[in-house]
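Several structures are given next for inspection.
In what comes next, chain A is part of two complexes: it sits with chain B in the first one and with chain C in the second one.
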Partner chain A sequence: MESPAEPPSPPPRALMAPATILERCTTGIAGLDDILGGGIPRGNMVLVAGSVGTGKTTLCLEFLVRGAERGERSLFLSVTEASEKLIQNLSTFEFFRADLVSDGSLVFVDLPMLYDKLGLEHEEMTADEIDILIRTIHDLVETLGVKRLVLDSLTSVCYRIRRDEAIRDFMLRLGQTLNDLGCTSLLVSEIGPTQGRYSMHGVEEAIVDGVVLLWNTRRSGDILRVLQVVKMRGTAHSRAQYVIELTPIGLLMAPHLKGGHPEGA
Partner chain B sequence: MPPADIGERLRSLPGGSAVALKLDAREYADHYFAVLNATLRDVGSEANAHVIYITVTNPASFVWSLAQALDVPPDRISFVDVISHIMMNYSNPLPNATYIETPRALEEIMLRVDYLLRKFPHPRSIVVVDSLNALAIHNPRELLSEFFHIFLTNLKSRNVLNLILLTSDEEAGGLEQMLSLLVDETIDVGR
Partner chain C sequence: MVENEEIFGIPEVDGTLFAALPPGWLAILSGDSGSGAPLLAKQFAHSGIGRVPVLFYTTFERTDDVRRAFTDFGWDPTEVKVVNLADEYYERVLVRGLDIARAREQGLTLDQLVGAEPHPVVTKSFSLTNRMLSDLGNIDRPFRLVLDSVDFFFEVLQPNDVTTVARQIRHRCQTIGGQALLTIHSVTHDRAVYGLLQDLADLAFQLRAEPHGGRYVHTLFTEKVANRPDLARITPVHVGDSGWLAGALEGAPG
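Presenting the complex of A and B:
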């Protein structure tokens, strides 16, 4: 008697491959996509945390320029610096293309001007004003078809929200709104050099999908800029430390050498 | 290997190779010039070649003056100068050089080489490290081993030809041993 035919075996999967691979938003930043397993999962809201002079804004701007080049409309919401000045600084990089701004692929909006326009005048935002702000960001993203957004900085916005519960609520709603619209976002978080957490209030990092930490470290008195992906939902990622350099062609990364010292040489 | 034969040997090496060039300390000046001749003129003049020369022993301006004497065209060579800053000899930067503040910033060396490889893509890229001994003055052994392991492995995978200068002396024994694990070949200059 013939034995029944063996059922076909499933195709082999790569060792340790996840069951489902989420769509990625390729950052276009050399090295970063490699350590993120191909990019940021599309729709994720990521905190880019670091003290002054660590390269947060430049990383975010390159993320937007690379996206705009790929046909993904990109929006920079600036709280701390005027757009004009940002574009001026950006033009010193070879990766920047002025035509991306003129054709509307890369959009800059000054949030303080938006506050004025919306009549958000209280030093501490009321629940209604927070609601207006979220709805305005939603409308901007939806109307323009924005696929990448940067808020620089979240810290400045949170200064006007103040209460931890309200910040948590604002971030949960913002994250949901952007995710629903398939928009991947980077939120800049300004922290002190020795703060020991990733945001001013400490609640922000719990809400976001990812945390990219930037800081300065010293080797025999010399300063090195270091980047580490601390958290990124939806992807396996490197947790190693990388030294970064902001070059005219964009951000470059190299492994942070330890020289036998676990915390770095 | 006789100094006159080094150029031809290096020209025959495929991309992705790593070779240590061992200079005899007693005949350093002659051997150094022979190696510069071989790396900058013989290999650097190959079609579509571009040399990234990492200077730790001497400032880029010094190596560049020797290269000019050898008629090396400026568009064939870029320098990563790791010594001028620390010597406070940085007032007249070369247009084809990038400067690193200290030889202790080994990651910066990797990043600048990465930058130059991306900025000037050539089918035949050559990276010269001048020299292992000079880097060892400023860096502990473990750090240097880690640096060379990552640096050379990365460049080999990018099909870059890597040439590392090393001067043999009593102190250099351990360095030589470390390097021998990472390179494909050691060429004894003059022997």
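Presenting the complex of A and C:
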């Protein structure tokens, strides 16, 4: 898969005021923090885009587990999969600690439950309903003191917002809300394997502070998972491609060597 | 033909109406507040007991109050299936609405989201229409049905949907020989829709209470008998120990 067109980037660092070192949210994922110069700038909202089976959810879960281990309360908002099943799958990884869930450091909330409680079941959310959703997420993050949040997936939420301008508004407000609360967030974006952009509507990547792209590529009969940090506001970062391996101890990264015999996406 | 020659059990009103009616029919009974239409609706239900299954859908009384009203006039409520649509609607739809309003206003706690039970799935598909029609669908022989009153449907459904409900009930009546009475306590909702209901009905009754001296006198108007306008009539009625009876109260105008 070729990387889609580059999303809007911050002004070149040379044109910016004297560099300020932003506080980092260490992902705890071996290799990724190195790419990012120590981690994601605190409060950034990052799109984790990729097609099915590329490791988006696992990356996000490890990000939360590592955070919870560091004492940063972490919240997983799940739309597509029931929390119970997610935790069950997560328990197969050695890096997962069930005690983080039981002591409330790692919290799973099913968004459909939230929709149910708030009566947000219409196929297309109204402006008022979007406002309620943002306010509820804000309240949860603030009340629980959440420092890391994953929304899996942003695509599912945007599917019910539909209009580009409403999605733009939703994301701007969500990003501002989470940033104000010092919460670093990963939003999962489901894209097709050959889609030429990072999100369903194409507006999402313009709003977020960062884009991490994941895709599958074939090489010598194997399917490799590849990760690339396409965009990250507030830090210099490598844009190199890395092969990732989902191992029991977590996500491992290695440079994606250009040799070999690629067989397409 | 259903072997049931009583409509309300008031011979002067029932008269020869049955002979003029098809095997299955729909009647409407209108009456302003205080007219006594709910009691006449119960009498209609009572008149079916022992002949056909009787269903009584109430939308504004407590179920116990419906049964007590039967008992007060010596009618056996145990043979009537009383369904409280208002309670069901409240429990399954309005309570949820209140929960949602509270959650939206006060926010949600983690306890309300993690490990909590969602609102019952049935609430999402609850429909007054489906609730009644599913009951009717389970009956495969002549029946008697009262919906007291259709006013509630006007509050929660679009006017056209109310006529659709009436059409569906009538169709079921025609298919298996049912007899249904829909009461309308107020005709102020939508005159056009009320007119449609009247057109749809095979029988249309109106119960009126008029002040006379120090009391009210009641008159039952048989306004419509499908294809038999000659059977329309006006009958003075009053309430006796066993329900509505024909005849004016002593001292009332004849």
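The rule is short, and it goes like this: the second predicted complex is superposed on the first by the 239 of 265 C-alpha atoms of A that agree within 3 Å, B and C clash if a C-alpha of one lies under 4 Å from a C-alpha of the other, contacts with A are read in each partner's own complex, and residues count from 1 in each chain.
The rule we apply is simple: a residue touches a chain if its C-beta (ideal position, glycine included) is under 8 Å from a C-beta of that chain, and two chains touch if they have at least 3 such contacts.
Please read these numbers as outputs of a predicted model, since none were measured by experiment.
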Joint occupancy of chain A by chain B and chain C, clash or fit: fit
Which of chain B and chain C A:P255 touches, first, second, both or neither: first
Which of chain B and chain C A:I132 touches, first, second, both or neither: second
Which superposed partner A:L144 touches (first chain B, second chain C, both, neither): second
First (chain B), second (chain C), both or neither touched by A:A30: first
Touched partner set for A:D164, first chain B, second chain C, both or neither: neither
Chain B versus chain C as contact partner of A:F108, first or second or both or neither: second
Shortest CA-CA distance between chain B and chain C [superposed frame, angstrom]: 34
Contacts on chain A seen with chain B and repeated with chain C across the two complexes: none
Footprint of chain A on chain B - complex, ascending: 101-102, 104-108, 110-112, 114-115, 118-119, 139-140, 142-143, 146-147, 150
Chain C-touching residues of chain A, taken from the complex the two chains share: 83, 107-110, 112-114, 116-119, 121, 132, 135-136, 139-140, 143-144
Contacting residues of chain A [partner chain B, same complex]: 30, 219-220, 222, 224, 243-245, 247, 249, 252-260, 265
Partner chain A, residues of chain C touching it in the complex: 96-97, 99-100, 103-104, 107-110, 112-114, 116, 118-119, 124
